[in-house]
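Report on one structure; see the data block that follows.
The letters A, B, C and D name the chains in turn, as written, and every chain counts its residues from 1.
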Amino acid sequence: MIGTGILKGLAETARNFFLSYVSKDRLTTVQYPEQRLPQIEAARNFPFLVYDGAEWDAGMRCVACQICEKECPPKCIFIEKSKDKKPDAVGKPQFYPARFDIDISVCMSCQICVEVCPFDAIKMDVEFDLPTDDRFAGLMLDRHKLSKSNEYYHEIHPTEATAVDTALDAERAKAAAAKAAAAAPKPASPAATAASAASTPKPTEGESK
Amino acid sequence: MIVAAVNAGSVDQVFVLAKHALLARTPDALQPLASAIISIIPLLVVFPSLFAITTVLERKGLGRMQNRLGPNRVGPFGLLQPAADGIKALIKEDVVPAAADQLVHFFAPVIFVAAAFVAYAVLPIGRNMVLVNLNAGVLFFFAVGSVVELSVFMAGWSSRSKYSLLGAMRAIAQMISYEVPLVLASVPAIMQAGSLSTVDIVNAQAGYTGIWPHWYLFTPWGIVGFGLFLIAATAESNRSPFDLPEGESEIIAGYFIEYSGFKFALFFLAEYLGMFATSALGITLFLGGWSAPLGISLFTVVPSYIWFFAKLLGFICFFIWIRGTLPRLRMDQLMGFAWKFILPMALLNIFVTGLWRFLPASPLNSIRWIVCAAVLAAPCVVLSMSLKQKKKLLIRTYHFAE
Amino acid sequence: MTATFLILAAITVAGTAAAMGLRNAVHCVLALTAGFAGLAGLYLYLGAQFVGFTQIMVYVGAVAILAVFAVMMTHNPGEPEEIFSRFWVWGAVIAGAVFLTLARAIRLAFAPADATPATPAPSTTVQQIGDALMHRYVLPLEIIGLLLTAALIGAVIIAMDPKDDPTLEEDAE
Amino acid sequence: MTPLEGCLLLSALLFAIGLAGTVTRRNAILVLIGIELMLNAANLNFIALWRYGPHPEALTGIMFTIFSIAVAAAEAAVGLALILAAYRHFRTTNLDRMNRLKG
């Protein structure tokens, strides 16, 4: 018959209209600022820095290698290497970022920084609710604002975080074993680490200038 | 019964009496001016308020049809949303494109809104409540409606933007194509009433057989005419499914994309005012204007203007319902529908109205009914079958449309 | 000679003069609609309601739109921008002479003494017009209907490009 | 000046404006519009003479104007269609450049 399709459609919308007042589970949307849907595990938005332990300053995994800064397509990462060194997750003395800023107004959420990070220090966050009344300084996140604990990482991406932790633990165990093995011939090991640490920063510094 | 009628009369005429009382206090020299102002101001207040109510109603209704809540943040149940929108439109910057034709760009929304308001002059919104009872009222309405096309062109052309121009071209093509069936669909009612005056047309539909009103809707040509009028009115007011001129997903907002702030709001207002005006004309022509739908004292007691606005609200809800249901047409479907289906049907409808008038009414009313309905139904079925697309489409499944 | 008449006459003359004098053809057509609207107002002022509304409907709603479409379809950006013909002086002189002749004839026809008494506007209802159309003028009406149909078909056929798809249609009133 | 005289003078002026446009403009569309203006000037005459004439009840002026508007609409449609066809041929609407017969 003519027009049955239209009538069917009208009946459907009418049913939606009235039943949406009756059954609450028809309402597919939530009242956003108060209610939030749980994020799916693969969700990603802007990068953050992972730290281990309780203190963000001490446990930061980032060693300021500046690979992410170089790889970042829109160039939204700004890193300043520290002058001194701190022991990293494995226990090796490393540089740390004296300054680590991400301009999230520029960031395009491509996740390349995460892919290239050899230290599993930068990961993607699920936080998308970042409104601010200052569109320049407010969207320039410094290293304090960026750093989130490993527990938080487990919370938002459990599978991924477990895999990362397993890998890190394996590495730590390897490093501990190596340390134990190297404990006997004492003078060799610090000299080697110092030499490797001294050789790496030079080219990067030259490039960053 | 008589007491009730008298009471109803006084409530019914309260605005008319108030106007006369006010006029009696003004000096004689100022009376024509005062009379005009007193009559115009309510129109200028009531219909924009109706527009404000309709915007929130539309957004909430559409939301519910899509299993959403709709606006619910500003005020209780989001009812103050139009106020927030209005303030936003007022304080927004008024951007005029640098290449725009300044004068034409400025006058387009002004003419649009003016034309939309002027159309209300001939619409009777209650018993004795019409601004001017023009002898050629319906013609006036359509003449004013044709000015809208020009303002649409002015808006689209003066913006110097391809989206605007495309939107304007689409809008004009659509409005011209659907103005013809709109006028032709109104002709039967005019023929039957024997007058172009809106007041006379309403009066011709007054009265009841038993409790059944003499609306033109309850005749075979009235049903068809009303249906065609409704379709053409939807297209004429650029509403979904005929919203190609605006087509948010393709040409963003059509001819008024380069307008911002208050001018944009004016276009929005004028579109809705045009929709109300066309609906009001449909009510006047086919639904007996302000008369009560059933001739029982419970209904006739209710003041006439309340019936008018109830019918108008019904129209608005129907338009919202349609908008929530039907997807947008394609341009060739739109034009084909206007010229291949609506136009022939409207012409046939005029013929049937003539037939209705000249067939004897008194002894064989049901035979007259059947003959006219058959003359209309057969070509309608044939036309729609021949225009139907013979495409096999896959069945789509929805989450809640089981 | 009331103020209403003068205002309407001013709108009409200004609109039509602008329509004939402006550079941009679209502006010309828009100014022309203002002139036609003023003319419609004059018809209303003279008591010819039906004709006034018909004027708006036909000229503003149809002819102006048609002209605007034609202007836009024939716009040639590379063309030299000369809006008046080489002999525009002669044209202006002829038009001026025609106006002066007509004006003089009109002035002479009305002697200052015979001021016609102001008659009330004749009340013409649409019903009377319809009766006249259907009885006395039924043959012209039929001829006009035929003419309009012929013009519609003719306009479509003339404007149709033979190279284009013959299913293309144009709206012509 | 009587109202009738004012109307007739206005109509003469409109006719002169239309004539001036018709003979001076280069754009064919505007020439057509000039012709429309002259027709309208005539219509104004009909209405004015009907209004102030001796037999307004005869409706002659109104009838003539209605028919005239109908003819003018047909003329505009056909005229613009002709201009479009000519444009397709000459690639211009400039009448000074449409100067060849047998095109």
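Going forward, a contact is a pair of C-beta atoms (placed from the backbone, for glycine too) under 8 Å apart; a residue touches a chain by one contact, two chains touch by 3 or more.
Since we're looking at a predicted model, the values are computed, not measured.
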item: Far-end chain from chain C, centres as C-alpha averages; value: A
item: Centre-most chain [mean C-alpha coordinates]; value: B
item: Whole-Å gap separating chain A and chain D, where each centre is the average of the chain's CA atoms; value: 76
item: Centre-of-Cα separation between chain C and chain A, whole angstrom; value: 72
item: Interchain centroid distance [CA atoms averaged], chain A/chain B, Å; value: 56
item: Distance between chain centroids, defined by C-alpha means - chain C, chain D (Å); value: 6
item: Interface hub residues of chain C, defined as touching at least two other chains; value: 50, 54, 62, 69
item: Touch-based graph of the chains, sorted into line, ring, star, complete or other; value: line
item: Set of all touching chain pairs, with the criterion as stated earlier; value: A-B, B-C, C-D
item: Residues of chain C that touch chain D when the two form their complex; value: 1-2, 5, 9, 12-13, 16-17, 19-21, 25, 28-29, 32, 35-36, 39, 42-43, 46-48, 50-51, 54-55, 58-59, 62-63, 66-67, 69-71, 73-74, 76, 79, 82-88, 90-92, 94-96, 98-99, 102-103, 106-107, 110, 115-116, 118-119, 121-122, 124, 128-129, 132-133, 137, 140, 144, 147-148, 150-152, 154-156, 158-159, 161, 170, 172-173
item: Touch list for chain B against partner chain A, complex; value: 61, 64-69, 72, 321-322, 324-326, 380-381, 384-385, 388, 399-401
item: Of all residues in chain B, those that touch chain C in their complex; value: 101, 104, 134-136, 139-140, 142-147, 149-150, 153-154, 157, 172-173, 176-177, 179, 194-197, 335, 339
item: Chain C - residues contacting chain B, complex; value: 26-27, 30, 33, 49-50, 53-54, 56-57, 60-62, 64-65, 68-69, 72, 125-127, 169, 171
item: Chain A - residues contacting chain B, complex; value: 2-3, 6, 9-10, 12-14, 16-17, 20-21, 26-29, 31
